[in-house]
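There are two complexes below, and they share chain A, which is joined by chain B in the first and by chain C in the second.
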Partner chain A sequence: MSFDFELLRDAIVFGLLLGCFYAAVSLGLSVAFGLLDVPHLAYPAFLVLGSYGTYMLYTLGFDPLVAGVILTPVFFVLGILMYRIYYETFEKRGADSGVRGLAFFFGVMFIIEVAIIQMFGVDQRTVSASYIGRSLEIGEMRIPNRLIVAFIVALVIAATLYLYLSRTFTGRAIRAVAQDEGALRLMGANPVAIKQWAFGIATATLALAGALLIIVAPIEPTLDRAYIGRTFCVVVMAGLGSMGGTLIAGIILGVAEEVVKIYGASWAPAISFGLLLVILAVRPQGLFGR
Partner chain B sequence: MSKIKVTRRTAVQMTGAAAVATGTTFGPQMASAQQGPVKIGLSMPQTGGLAAGGRASLLGIEVWKDDINAKGGLLGRKVELVVYDDQSSATTTPAIYSKLLDVDKVDLLFAPYATVPTGPIMPLVKQRDLLLMGNFSFQVNQTVKHDKWFNIAPWGPADSWGRSFIEIGEKAGAQSIAFLAADQEFAQNLVKLAKGVADEKKMKTVFEQNYPPNTVEFSAIIRALRGARADMVFVCSYPPDSAGILRAVNEIGIGENVKIFGGGMVGLQFTAVMESMGSLLNGVINFNSWLPEPSMYFEGTKEFFAKYQPRAVAAKVDPLGYYLAPYGYAQGQLIEQAVASVKSLDHKAIAGYLRSNTHKTIVGSIKFAADGEWEKTGTVQAQFRGVKDKDIEQFRGPGKQVILSPADRKTGEPIIPFEKARKG
Partner chain C sequence: MRWTGFWIGAALFLVLAYASTFMVTNTFFFFVGYVMLQFVVLATAWNILGGYAGYVNFGTSAFFGVGVYTAVALFKAFALPLPLQILAAAVVGTALGVATGMMTLRLRGIFYSIATVALVIILETFVVNWKFVGGAAGIQIVRPSLPSFFPTYEGMLFVVAAVLVVIAVAVARYVEGSWIGRGLRAIRDDELAAECSGVPTLRLKLIACGISGALMCAIGAPNPMYQQFAIPGAAFELPYSVSPLAMALIGGTAHWIGPVLGALLLSATQQYLSVTISSELSLLALGVMLVLFVIAAPEGLVGLLRKVGLFKTGTVRPSNEKGKGT
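Moving on, here comes the complex of A and B:
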């Protein structure tokens, strides 16, 4: 295919928007895996659960984005409960908790998949809203409104998390627990309570991210498997625990995928993960990791 | 892998499995020595991307099983299905079918729904010389050339699917074509054959793009497609992608010059997708297997749907079930007719009967060609028209998917170009 500047320009714009969506669905993992070191393999399953929660509220008449906001506190509580179970059954017991934790979250992932199938069946689900199925026209360029919504919501989640983690006492405690749990304990804070709170926040972001997922594309119960690679790729590329880095890594992944798609879409996954390998080879700690 | 129905493993069966492990071979006749029910073994995608189709297909087969058991079964023995979930994956099916044969000791085999899970079991059934009733896979016997393969799907001659679509475009004056296909076996087989037809008709290929599984966003691809300015667009996509492609087409547009769009989009046949896509479907010309059009009713068709649809609602399976469920039932009818005729479960005898006769089923008369596919295509190309948003009931009657091809099932003429047809 010959070079076409307009195609390339459009692909970069689509990639920027898609990348922000990737970042939005990865920010919670940046907290859970990047800061708390919890091997949260069930993270994408919670993401899909958020989508189905959104779908359920949508069928009751709620706008998908409003549904995502309504589900946020529910997911916060769910996250706290999930961490408590993980802590009591695995983390508290010592050194090999990481490996056994992987098995735990792997199991949780399958339980969530089966629960969704039992409740909603295996059919694809989509939602409709005024911003889905329409596009913003700028000259010859048409930008899907749903991607613009994903872009804005991603920025809001990233900015909120960044401000929370850097400007509040609890937020700084979350960052501290990632660096030196023992020192935090000496300061009189309870690391377990802090991690539990942080895990709740990470899970809460998935309510909104899940709403974005079903806004951007149709969902089905096992869609989580498609996002395991993408979300971990974004978080590792960013540098564990970096919110701004997660946003930029998501954008890099999105732009790489979309640009490759116009010249040979089959290569999109290989190019994306190849990029991850290159970044890790140059900066093993990730783009913004310390 | 989750087992749906576990048959009791007796000591005799365990001994049989041990015999297999030590090298004892079993021919197709081995199962007929067993007493008790006639066991039909199959895997079916009940989770993963193909699950929506797989579960509907399985329910169609189950309706047949209940009907045949109510009539006394096969050869006076009740029919039992031994079913495993293959998770829509090609990697699980060889082990599942080995287990069905060596441990569960089934008498007959049905293939799973779709090409991807079916392809890997073809060498196994050929090596063991077993009858395999295919279930909507595409061209899996092309290189294996197994003489006991019979595909219930109405695809017919290999290139008829793409040919019928391209001929509709050709009649509308199209001279150039674009191809967009998933990197999956089915889509690649289909697009390869369609390219052959396009070359034969001297159509100019102006766009050719494959995309990988799990593609989230199609905007960039559709933008590139729009830039190609093709007269017709042949799309070969799998269920999760078809909806994403249509949505991107609606948002990005594909240009005024496109006369027809669609062809091989899997997923748009499923009720949940049709209901959720609503008016976005309008104008798309796409393949299908069964539609509630006057030309598609045969003996037993109405009765089948009267049994299927209430059960489907209860089971949270495709509530209309047009695409796959009646063919699942017809698959059973073929076995029923063959076994009744040859009075045996012998695979060679059943295959001989199936190859030599024309079979009346609820999806019409079926005659198999030498490759185990339908001798004459039953694949319809139909155009979505006047589809409204959020209304499942509209699909129960005729008129929403007008059949354009083949001639003996045709119920209308195409609305062209695509942009005009999209307006409903």
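Moving on, here comes the complex of A and C:
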């Protein structure tokens, strides 16, 4: 196969944009799994749920991005409810939460999948807006606008979350609960309330991320399975709980996927999981882990 | 642990299975029966690592799929007979189990779980790109001639699955009562304490991975013969990963009978729902039962039976009765 510079250049630019999108999708997991230690396997299912929520509001006449913003508080409440159930049934009892917690989230994932199939059917769904379908031309390169929109919104989510966690009181409390729950309790703060709040925020990011997902590409009910690999790969590669690392890890994954697609698209599904296995075997604390 | 009763029961079960191949004429009986027995093996195999040691393997379908495709490749290349295919699959499964374990078992349990999910997708992608075994489009299997002492092909495969069930349950029962099982339970309760008391934790976990992988691959091997077809999308299907886990948890993980009961109950429910209503609903049943049982009956069916006093034979006390801290 002859080396094609243009293909490679396109792949890198696309990968960069797509990578920021992957990072945006994984930020919530970085909080839920990275900081709070909740093995949230149903996370990608909530992402797809966000996309279908966006689609539903879109059919009512809303712009997809606006729909994502409208859904954010709904998802915040949903996240808090999820954490309450998880806390009451597993963390509070402290019993064997490993096996049963994982099984619980897997069960939730299937329930969400089937609920989506029952409501929307198995067909692919897509949305359209003024910024979808056109593309920006720079020289000979054409970059679809939908990717640029996803890129910008992704950066906004990442920056907001980063500032929130590092500058605000509650944000710092969330990071404190990740470091030492006992110490926080001694300071007179309630770790469960903080964790619940953080889990709400983690889930809330999925409303907007879900809107991006349906903007970037058509969705289907079982799309969450592909995103188990992508989100966990990004979060583990970044080092648990590192927001800046999440962005870089997302970009690495995006570029790797796009470059491999040049040589054989059928290998693409294995990229995220392959990277994940390599990271786990070689550097389990992640690139930017403590 | 007494074995006489167990072997008498196992022999009786095998004789009944063999006799049924002559007496039952309805092929649907074997169709459903084979699937149920297949899940008994998968759930029992899963429980050896997941139940006794508390390490959750989400990659059952990776092992199952590898078993399927080991059999397909060997059958296509050398036309190996079925027993040798099963044996080869078991060997490959052991190697795969130990290799995965070596990569991730030094880390926290959740990473092992994520790595096993990864294994499913990576191996599926590999098989999709492997033209010799048919790639994404799948491959047709032409069954070789039937051994004369079986009346039908379905009957023979049913008996093969029954034999594998007996092997799997015997292995699980042995592991549970032996030093391996005691070590694994120590790991589940408190790995650090176990390590400090001189329990060879990594070696025990690798042994469990190997045994569990071998059994999962072995039951995959007869599947292409049964389906007369193998396709990566079906062999590596996600429900194959979650069902065994759900069955073990629903049945109860502390005793070997748990996964057997769970597998029979859940697979019967699923078969019934997917035949009468739809396959989506059987997926929903899986999800709902999983969530309900882990929340409301963490000890599974065995725990429920114990509570009402119907089940006393267990030598193993469930570990998490008293709230242990983490």
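Note that in this section the second predicted complex is superposed on the first by the 270 of 290 C-alpha atoms of A that agree within 3 Å, B and C clash if a C-alpha of one lies under 4 Å from a C-alpha of the other, contacts with A are read in each partner's own complex, and residues count from 1 in each chain.
Basically, a contact is a pair of C-beta atoms (placed from the backbone, for glycine too) under 8 Å apart; a residue touches a chain by one contact, two chains touch by 3 or more.
Computed from a predicted model, the values in this text were never measured in an experiment.
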First (chain B), second (chain C), both or neither touched by A:258: first
Touching partner for A:6 - first (chain B), second (chain C), both, neither: first
First, second, both or neither for A:16, with chain B first and chain C second: neither
Partner chain in contact with A:113 - chain B first, chain C second, else both or neither: both
First, second, both or neither for A:155, with chain B first and chain C second: neither
First (chain B), second (chain C), both or neither touched by A:274: second
Which of chain B and chain C A:126 touches, first, second, both or neither: first
Which of chain B and chain C A:266 touches, first, second, both or neither: both
Partner chain(s) touched by A:70 [first = chain B, second = chain C, both, neither]: neither
Contact residues of chain A, present in both the chain B and the chain C interface: 113, 117, 264, 266, 269
Chain C residues touching chain A - in the complex, by the definition given at the top: 50, 54, 56, 58, 103-104, 107, 109-111, 113-115, 117-119, 121-122, 124-126, 128-129, 136, 188, 238, 242, 245-246, 249, 253, 280-281, 283-284, 286-291, 294-295, 298, 319-320, 323-326
Contact footprint of chain A on chain B as seen in their complex: 46-49, 51-52, 54-55, 87, 183, 209-212, 214-217, 219-221, 223-224, 227, 239-240, 243-244, 247-248, 250-253, 267, 270-273, 276-278, 280, 316-318, 389-390
In the complex with chain B, residue positions of chain A that touch it: 1, 4, 6-7, 10-11, 14-15, 18, 21, 113, 117, 120-126, 128, 132-135, 142, 144-147, 216-218, 220-223, 226, 257-259, 261-262, 264-266, 268-269
Residues of chain A that touch chain C when the two form their complex: 39, 85, 89, 93-100, 102-104, 106-111, 113-114, 117-118, 225, 228-229, 232, 236, 264, 266-267, 269-270, 273-274, 276-277, 280-281, 284
